[in-house]
Amino acid sequence: MLQAYFESIKYVGHLLPMSFLRIFLGYFYLDLVFKDWKRFIIGVGGYSDIFVEALNKPQIPAWYSLLLSEQIIPHWQVFAFTIIGLQLAVGVSYIIGYVVRPVSILAVLLCLNYLAIYPIDSEIFFKLLISCHIMLAWVGAGRCLGLDYYFYKRRRGLWW
Amino acid sequence: MACGGNSLKHFIIFVGLIFSLLLSLYYYRDDQTKNIEDKKVHVYASSSFVAKWGPGPILKEIFEKQNIFKVEFIEISDMAMTIQKINFENESSLADVILGIDQFDMVRVANKIKWRDIERSTTINFVNNVKPVASEKAFVPYDWAPMSFIARRDEKNNINSLKDLLNPELQGKIALQDPRTSSPGLQFLVWVFESYSPEEALRYLKQMARQAHSFSPSWSASYGLFKNNQADFVFSYVTSPIYHLLEEKDDQYLSIETQEALPMQVEFAGIPSTCKNCEAAEMFVNFLLSAEAQKIIMSKNYMLPVIEHVKEATPFDAIKIYKTRPIKFYEQNKIEKWINVWTEIRKNEGT
Amino acid sequence: MFGQKSARMKELNFKSVLGSGALKLSLLFYFLIPYIIFLNYYDFSFVVDFSQLFWVLKNSIVQSAATAAITVSLSIPMSQGLLLLPDKIQALLIRLLIIPVIFPALFSVLIAFSLLNPFPMGTGGIVFLLVLVNLGFAAILTYSAIREKLGNLAVISEVYSLGRVNFYRKVFFPLLRSDIITNFFIVFILCFSSFSIPLLVGGGKGANLEVLIYEKIFVEQNWSSAFTLCVFQTLLIFFLSFYVLRNKKNKVETFSSGKYLKSYTGSALIIVYLFIYLGGYVVGVVKSLSHVDFIFQYAQELLAATLFTTRALLIYLILNFLMLFLWLIDFLKNGRFSLAINLISVSTVLVGFSFYLALPVDKNYDIIKIILAVSILFFPALFKLFLQKAIEGLQSQISIAQIYGLSKVTIIFEIIFKQISRQLWLWLSFMIVWFISEYAILRSLGVQTKTLGLLTESFLSSYRLPLSYLMSLYILVYWLVAVVMVYLILKVVYVVYKKFIY
């Protein structure tokens, strides 16, 4: 497997720049998980504030604000936990380059969620992030410097 | 498709692994949430106390406004089961305050666990009926009510004593409770044994077994029978008519005064020695004795306040406090003996 | 070469034996969890007053046997009354007939008391009430048995003009004897552990085993003897179920009703029964209608309880399907059902209290407690009631499929489920309604979130009887909606599954 990992540079070397972007994004997500986890552990007043602040955002769609106030805020722990878990999955997957394609779809969904809950000024950043994820999914960024290459070589298929 | 299925399987397993990792991290984390837990008082109370129509929610709101502590109510279905669990949990038990311990529970279950002595203000002016037990170190009384028979106003009744209940025309018309499963049922049994000599009591109970419409497993079942006109009398709290008056605007119920002094039920609060947030627990119990809390308990729980002057200028003031017998703690084996007598009588009746 | 192969075969064999053994054991283990928890906390105590034990046993047996005998004999004409009616009305009536077994006992008591005044207290009263509660249910059992066993014999007998009396003497009773005996014992077992009815109307003779257990716990605080009695009761029912409730295997045939199987008296009986019970209930509801504004007053609680119940119900259904699946895999492996099938009518107090002790009293644990306890209590009984016979009837088809080497999953979905869809529906709708109206177990579990059943009970146990009537109506509506929803979801899943397969 290790051999395949490095072998990939030889055969799909044109993807190498993309892999760096992928690994950097992976690091970014792990960092995010680290920060969010700390806020999550604190309990009330930590992560839950993000949801509460989101409610005050003026341009949030009506159905989403209803979802926020009726479902998410009462069970914020579950949602926060899910978000952190997904972030961790994205981070780990991007760094080791494993199941990158399906995970980047997850990442897009996560970004859509950020768009909804985070302040308006970071909107453009998340849009950029979404386009990065789409690119990663498109080229199959896990096939270079990643475990996906190993599986792709043996099993083929669209999702590696 | 098969290949896609394959990688998706990898994907699902991967995400599953990540989540289980996170979950185990969550459970084995350092308990940083502890300081929030420190600010919580876990109060164990019956469902009628905690329910929306009970005093619990309002008491919680006021207490939280006055103090930095948060109150969390835990509903208990049965005192014996709850105490047993606290006994097993020992140090890890969360219970800070336990409400709804009546005088029988105190003897039957209270000695299963250790209780903490509760400091209370010396200036509290308890009502006379409760005074004798107000100095209990580990238990603080917070409401009480005499118990008697409740009847409809339109029923002609000339009942002045327990004996009058044996009138032939009342045969099968009195809804009682089973003393083995219901606290009011036990109150009635003890009342009979306290009012008569053992032989007389035995005779009385034998005759009463004929008079009774039924012995319900719970107070609510017997009251349901009474409300549905199945029975003309039910053994209940003298405050019951007030409920119908205030909530249903129905004044056709009344409580009956007998020559024999009435038994009374007193509810106590206690703090187990394993409490986690003992000072806050003590504050909560003392809060229950404030005039404000007493008023809420009275109007929502339909029991009388233990503090003087609280019920003045409320509909509860109209309740005539009949002569009651001083509250007593009975030894467990005495109660068991009485229940056995009752069971023996019941064994031989019926067809 | 051959040696290697046979060694491999042995290994495989060993593995599969181990696998089936593990599944068998874990299924049994699942249903024994409450006992294991209890053993953790308490020891057995054999200090039992035997004269008292015999006395309560005698009471239990007399009450249950009398009830079962009356119920089952009345259920025969009633099931024929059902068969007289058009199919759609049959389906409706079956749902109505279930109602008495699912309502809080107090409702039945109030209805019975308003029927008979003065009410005969004592064994007579208990039997009357238990008959009132269980009659509709027994009628459904007999009705199902007729549909499963008789095939087209009624029509054939009619063609040969056998005559009604001869039909019953020579065809009906001989064929249905084992089912009638089974139904007798099912009702017997259901009554055996009933608690509040014997206590309420029993007089002295009302004390049965369940009451004695309760007394040991709540009067004497003697948990060890209570536990011992529980185990005794479970074993008693286990052996009863193991030896008596064994069905002869039979083939499933398409059923066609005949003149001999229809009875006008039976229809009249059903109508009278439903009139008495539902009439009493409707009177209760109508009287309570003036309180209907409670829906607004308690809208939030109602909504929360509905949502929570729905969530718990969903998980519960998934768990039950999973368990059914494992149960059937185990059946296919061993050729017979897990022994746990005989653990019916386990003491409610025992199961409730054991989970109450073992798990924290915390909102977050409510769902897990509920689905564990309720599935342990209900799964074997429901399976035995609705599915066992039907599945055993398919034995020959299953054997053939196994010989042809069909996979277990295919056998379960394509052979078993397809042919017992009617029973599966009955199973499912009972499962749903027992789950949503349950409160006694939930109380002893120390559940902190209100479910629909608990909300009904908390109205009942304060002064608010009318509200509990309205709540029960709400539960019935919810049940209907839930069954329809599950039906739709399963249909969709089935269509998708079909698309996937082909």
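Each chain carries a letter (A, B and C) given by its place in the written order, and its residues are counted from 1.
Simple rule for what comes next: contacts are C-beta pairs under 8 Å (C-beta built on N, C-alpha and C of every residue); 3 or more make two chains touch, one makes a residue touch a chain.
Bear in mind the structure is a predicted one, so any value in this text is a computation, not a measurement.
J.: Give me the two chains with the most inter-chain contact pairs.
T.: Highest contact count belongs to chains B-C.
J.: Farthest chain from subunit B, comparing Cα centres?
T.: A
J.: Which chain has its C-alpha centre closest to the mean of all protein C-alpha atoms shown?
T.: When every chain is reduced to its C-alpha mean, the one closest to the whole-protein mean is C.
J.: How many angstrom between the C-alpha centroids of subunit C and subunit B?
T.: Result: the chain centres lie 33 Å from each other.
J.: Hey, how far is the Cα centre of subunit A from the one of subunit C, in Å?
T.: So the centre of subunit A lies 48 Å away from the centre of subunit C.
J.: Per the centroid of Cα atoms for each chain, what is the distance between subunit A and subunit B, given in Å?
T.: 53
J.: Provide the residue numbers of subunit B that touch subunit C in the complex, in ascending order.
T.: Within the complex, subunit B contacts subunit C at residues 47-48, 51-54, 74-78, 80-82, 84-85, 88, 94, 108-109, 112, 172, 178, 180-181, 209, 214-221, 223-225, 227-228, 230, 240, 243-244, 247, 336, 339, 343, 345-351.
J.: With touch defined as at the start, can you tell me which subunit C residues reach subunit B in the complex?
T.: That would be residues 41, 55, 106, 109-110, 113-114, 117-124, 195-196, 199-207, 214-215, 217-221, 223, 298, 301, 353, 356-357, 360-361, 443-444, 446-448, 458, 460-465 of subunit C.
J.: Please output the residues of subunit A touching subunit B within their complex, sorted ascending.
T.: 37, 41-44, 81, 84-86, 88-89, 92-93, 98-99, 101-103, 106, 151, 155-160
J.: Spell out the part of subunit B that touches subunit A in their complex, as residue ranges.
T.: 3-4, 6-8, 10-11, 14-15, 18-19, 21-22, 25-26, 29, 32-33, 36
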